[in-house]
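Heads up, the next two complexes both have chain A, just with different partners, chain B and then chain C.
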Partner chain A sequence: MFLEVHDIEKSYNKEAIVSELNINLEKHKTLSILGRSGCGKTTMLKMIAGLTPIDQGVIKLDGVRVDEIEASKRNIVYLYQEDLLFPHLSVFENIAFGLRIKKIKDHIVDDRVIEMIENLELQGHGSKMPHQISGGQRQRVAFGRAIITNPALLLLDEPFGSLDAGTRKNMQTLFLRLAKTFNITSLFVTHDLKEAILMGDEIAYMDKGKLKIYKDRSSFINDPETGVLAETEFWKQLKTEQF
Partner chain B sequence: MGRWKNGILITYLVAIVFPFIFLFLLSMSSGWRFPDLLPEYFGFKNWGKVAGTESGIAQSFLISLVISLSVAVSSTLCGFVISRYVSYHPKKRLLTLLTYFPYILAPVVFGACLSYYFLKMGIFGTTFGVVLAQFIIAFPYALIFFSSFWNEKIKSYEDLVATLGGGSLTTFRKVLLPMARGLLMVCFFQTFLISWFEYGLTSIIGVGKVQTLTIKVFLFIKESNFYYGAMSCCMLIIPPVVMIYINKKYVFNKLI
Partner chain C sequence: MVPFAAAFGYSLLYSFGIIGVVNDGFTLEFWAEVFRSGAFLDALIYSVTIALISVFISVTAALWFTLKFQKKLRGKIVSFMIYLPLAIPGIVAAFFTVQILSKSGLFSRFSYLLGFTSGITDFPDLINDQYAIGIILVLISVVMPFFVLLFLNVYDNERLDQLTELARSLGASNSQTIWRVSLPVILRKTWTLIALYFIFLLGAYEVPLILGQESPQMLSVLIVRELKQFDLTKISEGYVVAVMYTILVSIATILLFSKRSTENG
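And now, the complex of A and B:
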C-alpha cells in the first residue's frame, strides 16, 4: 500500500479526538471521507500532513515512515477550504510558489506554470492578482499551486465547501480530470454526501474520531450511519407526495 | 450661512497653521524685544548657522536621526518576530499583560529606575544607552501593534507554506513579511516618532551628553534663545512631515 496509517491516536485535554485510525490506500487513488463538523476530520488530515503531532501510531508513505519527519519534508500538501492565495503574488507566481522555494530553474518553472494554467483553464489570468479573479478561479489556482509540486499525497479539507452549487460541480469535474492527468493520490474530506460518493475511488465515514472504510460503494450506501438511506428515502417520499 | 462656514474654516486653518508659521518666522528673527512690533533683524542668518558647530543643531539632528532609525528598525523587526511567538503561546494573555508593564510608569520615572543598571553596564550617557532605553519603550508598543496580525488565517498560511516545502525563513521572507508590509511601515513610522519626540528618558539616560534635537530645543528655551529654539523646532518637524507624506502616499491608500 502507498499510504499506511496504523493505530493513530490523538487527544486534547484527555478527550479523544481521533482514535484507532487505520488507513491503507493504493497509489493514484482517492479516498473520500464523509463526516460531520467536529468529527475529527481536520485533525486527522493535519496529523498526516505533519502539522499536528500524533500521540501514538505510525504513518508510512511508500514504505517510508514519515510521522517523525517535519511537515516541509514529507511531500504531502494540505489544501484548505479557503483558497489561501498569497495576496501579494499574481496568479502565475502563486502557482509557481512551490517550485520557486524548491529553487527550480526559471525556464522550467515558466514552462510548468504555463502548462498548469492551461490545465486549470485559466488562460489570460496569469498576470492578475488574487482579488481580481472569482472564488472558483481562486480555488483552481490553489489546486494548481498544490499539484504543480508533484506531491506524494494530497490532502483536501472540504476544498469546495465555500463555493456555490454550480461552481462546486465544475470544480468536482476539474478535480477528477486533474487527479487522472497528474496521477494524484489523495484523501478528500467532505461533509457532502453526494460529493463523497462522486470523488472517491474508496469511501470512508468518520464519526466521533473513528474512521470506517467501506469495501465498496454499496456497503457505504447500505450503512444507515452514513445517512445515504435516509437521504434516498427523503427524495422518494417527496416524489410520492408530488405525484 | 456660507460666510459663517467660511469664517469658521479660515479660523480653523489659521489655528492649525499659525504656530508653524510663527515658529518659522521666529527662527528667521533676532533681537525681537517687547514692545517692538518687528524684530531688529529678519533673514536667514540663524539658518546659516545650522551647519556650524556653534549651534550644534545639525549634529543633534544627525544624532536624533541615528537614534530614531535604530530604535524604529530594531523595535519593528523584533516586535514583528516576537509578537508571533507571544500570540501563539499557550500563556498569551499573561505575556500580553506583561507587555503593558513599561507603560505603568512615566518615562522619566522609568528612566530613573533604569539608570542604576545603565550605570553598572557602562552605557550611561552614551548613544547606545539612549537607543536601548528608548527601545524598552518602543518594543512593547510594536509587540502590541503586531498582536492583531497573528490569527488563525495567518497560521493556516504558515502551515500551507510548510506543506509546500518551505521552512520558517522562507515563510517569513516570502509570505509573512510581504503580507505585513503595510503594518510594518506604519509600525516603523510610529516607533520612529516615539523615539524622535522622546524627552524624559533621553534626558535621564543621556545625562546631557547625548543631545538629541528634542533635548536641544529645551536647552535653547532654558537659555532664552528662542530663535535657535524655533529653528530646532522647525527641524524637529521635518521628519514627521516627510513620514506623514510617505505614509499617506504609499501605505495608507494601499491599506484601504
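And now, the complex of A and C:
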C-alpha cells in the first residue's frame, strides 16, 4: 500500500479527537471521507500532513515512515477548506510558490506554471492578485499550487465547502480530470454525501473520531450510519407525494 | 487645513522678510544664510538618521516579538506590558531615561556599587551624547509597542497562522516561511504606517530637547531654538527652516499616499 496509517490517536484535554485511525490507500487513488462537522476530519488530515502532532501511531508513505519527519519534508500537501492564497502574490506566483522554494530554475518554473494555468482554465488571470478573482478561481489556484509540486499525497479538507452549487460541480469535474492527468493520490474530506460518492475510488465514513472504510460503494450506501438510505428515502417520498 | 495653510503662509512671508518687526521687505538673505551655515542640512541628516535607526530597530524587534511570541503576547500580563509604554508621554519617558541613564543616574550608581566604574566620569555618555543613544532608546520604547500591536492585528486579519502552515505544507522551511510569507504579508499591509511613523519621529521635539546634544540638533528643536532667539533678525531663519521642513514632509506624505492609492486602485 502507498499510504499506511496505523492506530493513530489524538486527544485534546483528555478528550479523544481521533482514535484507532487506520487507512490503507493504493497509489493514484482517492479515498473520500464523509463526516459531519467536528468529527475529527481536519485533525486527521493535519496529523497526516505533519501540521498537528500525533499522540501515537505510525504513518508510512511508500513504505517510509513519515510521522517523525517535519511537515515541509513529507511531500504531503494539505489543501484548506477556504480558498487560502498568499495575498501578496499574484495568481502566477501563488501557483509557482512550491517550485520557487525548491529553487527550480526560472524558465522551468515559468513553463510549468503556464501549463498549469491552462489546465486550470485560468488563462489571462496570471497577473491578477487574489482579491481580483472569484472564489471558484481562487480555489482553482489553490489546487494548481498544490498539484504543481507533484506531492506524494494530497489532502483536501472540504475544498468546495464554500462554493455555490454550480461552481462546486465544475470544481468536482476539474478535480477528477486533474487527479487523472497528474496521477494524484489523495484523501478527499467532505460533508456532502453526493460529493463523497462522486470523488472517491474508495469511500469512508468518520464519526466521533473513528474512521470506517467501506470495501465497495454498495456497502457504503447500505450502511444506515452514512445517511445515504435516509437521503434516498427522502427523495423517493417527495416524488411519491408530488405524483 | 485652513489654519495649517495660514500658518504656512505666515512662515513663508516671514522667511522672505516680507513681514516681521525688524524686517525691511522682500529678501533672499535669510534663505541664503540658512544654506550657508549648513545648520538645516546638519539637522536634517541628524533627524533622518535618528528616525531611520529608531524605526528600523522598532520594526525589526516588533516583527521578531510578533512572529516568535504571537501566542504569548495575547496573555493578560504581557498585553498590559505592551500597552503601558503607549500610555506614557514622550516627555515623561525622556525624564525617566535621564534618571536611569545619566552619569548620576540609577545605572551609573549600580555600576559604581558593583565596582565596574570608579566614579561618575567613568560611566559612558548615554544621554546628551553624540550618538543620540538616549533619544533612540526612548523613541524605540515608545514606538515599538505600537508596532507589536499593529503586527499582531495584521497577523490575525491576514490569517498568517494558516498561511505559514500552508507554506510549510508546500515544502517551505522555517526561514523561507518567514522571508517569503510572514514578512511580506505583514510589511505589505503596514508599510504606509511605518513610513508615517518615520515622518512623525523626524519631527520629534520633547525627547531630543531633553536627551539631545547641543549640536547638531533634531529639526524641531533647531526650529524652536531659532524662533526664540534674542537676536530678532535671526527669527526669519527659524521660519526658513520651518518652511523647508514643512515642504519636505508634505512632499513625502503626498508621495506616500499617492503610491498607496495607486496600489489600492
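By definition in this document, the second predicted complex is superposed on the first by the 243 of 243 C-alpha atoms of A that agree within 3 Å, B and C clash if a C-alpha of one lies under 4 Å from a C-alpha of the other, contacts with A are read in each partner's own complex, and residues count from 1 in each chain.
Everything below uses one rule, namely that a contact is a pair of C-beta atoms (placed from the backbone, for glycine too) under 8 Å apart; a residue touches a chain by one contact, two chains touch by 3 or more.
Every value quoted in this text rests on a predicted model; they were computed, and no experiment measured them.
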{"item": "Three-chain arrangement built on chain A, chain B and chain C clash or fit", "value": "clash"}
{"item": "First (chain B), second (chain C), both or neither touched by A:F175", "value": "neither"}
{"item": "Chain B versus chain C as contact partner of A:V77, first or second or both or neither", "value": "both"}
{"item": "Chain B versus chain C as contact partner of A:T149, first or second or both or neither", "value": "both"}
{"item": "Touching partner for A:H88 - first (chain B), second (chain C), both, neither", "value": "both"}
{"item": "Interface residues of chain A shared between complexes with chain B and chain C", "value": "49-51, 70-73, 75-78, 80, 82, 84, 86-88, 97-98, 100-102, 145-146, 149"}
{"item": "List of chain C residues in touch with chain A within their complex", "value": "158-159, 162-163, 165-173, 176, 180-181, 184-185, 188"}
{"item": "For the chain B and chain A complex, residues of the former touching the latter", "value": "153, 156-157, 159-167, 170, 174-175, 178-179, 181"}
{"item": "Sites on chain A touched by chain C in the complex", "value": "49-51, 70-73, 75-78, 80, 82, 84, 86-88, 97-98, 100-102, 145-146, 149"}
{"item": "Partner chain B, residues of chain A touching it in the complex", "value": "46, 49-51, 70-78, 80, 82, 84, 86-88, 97-98, 100-102, 145-146, 149"}
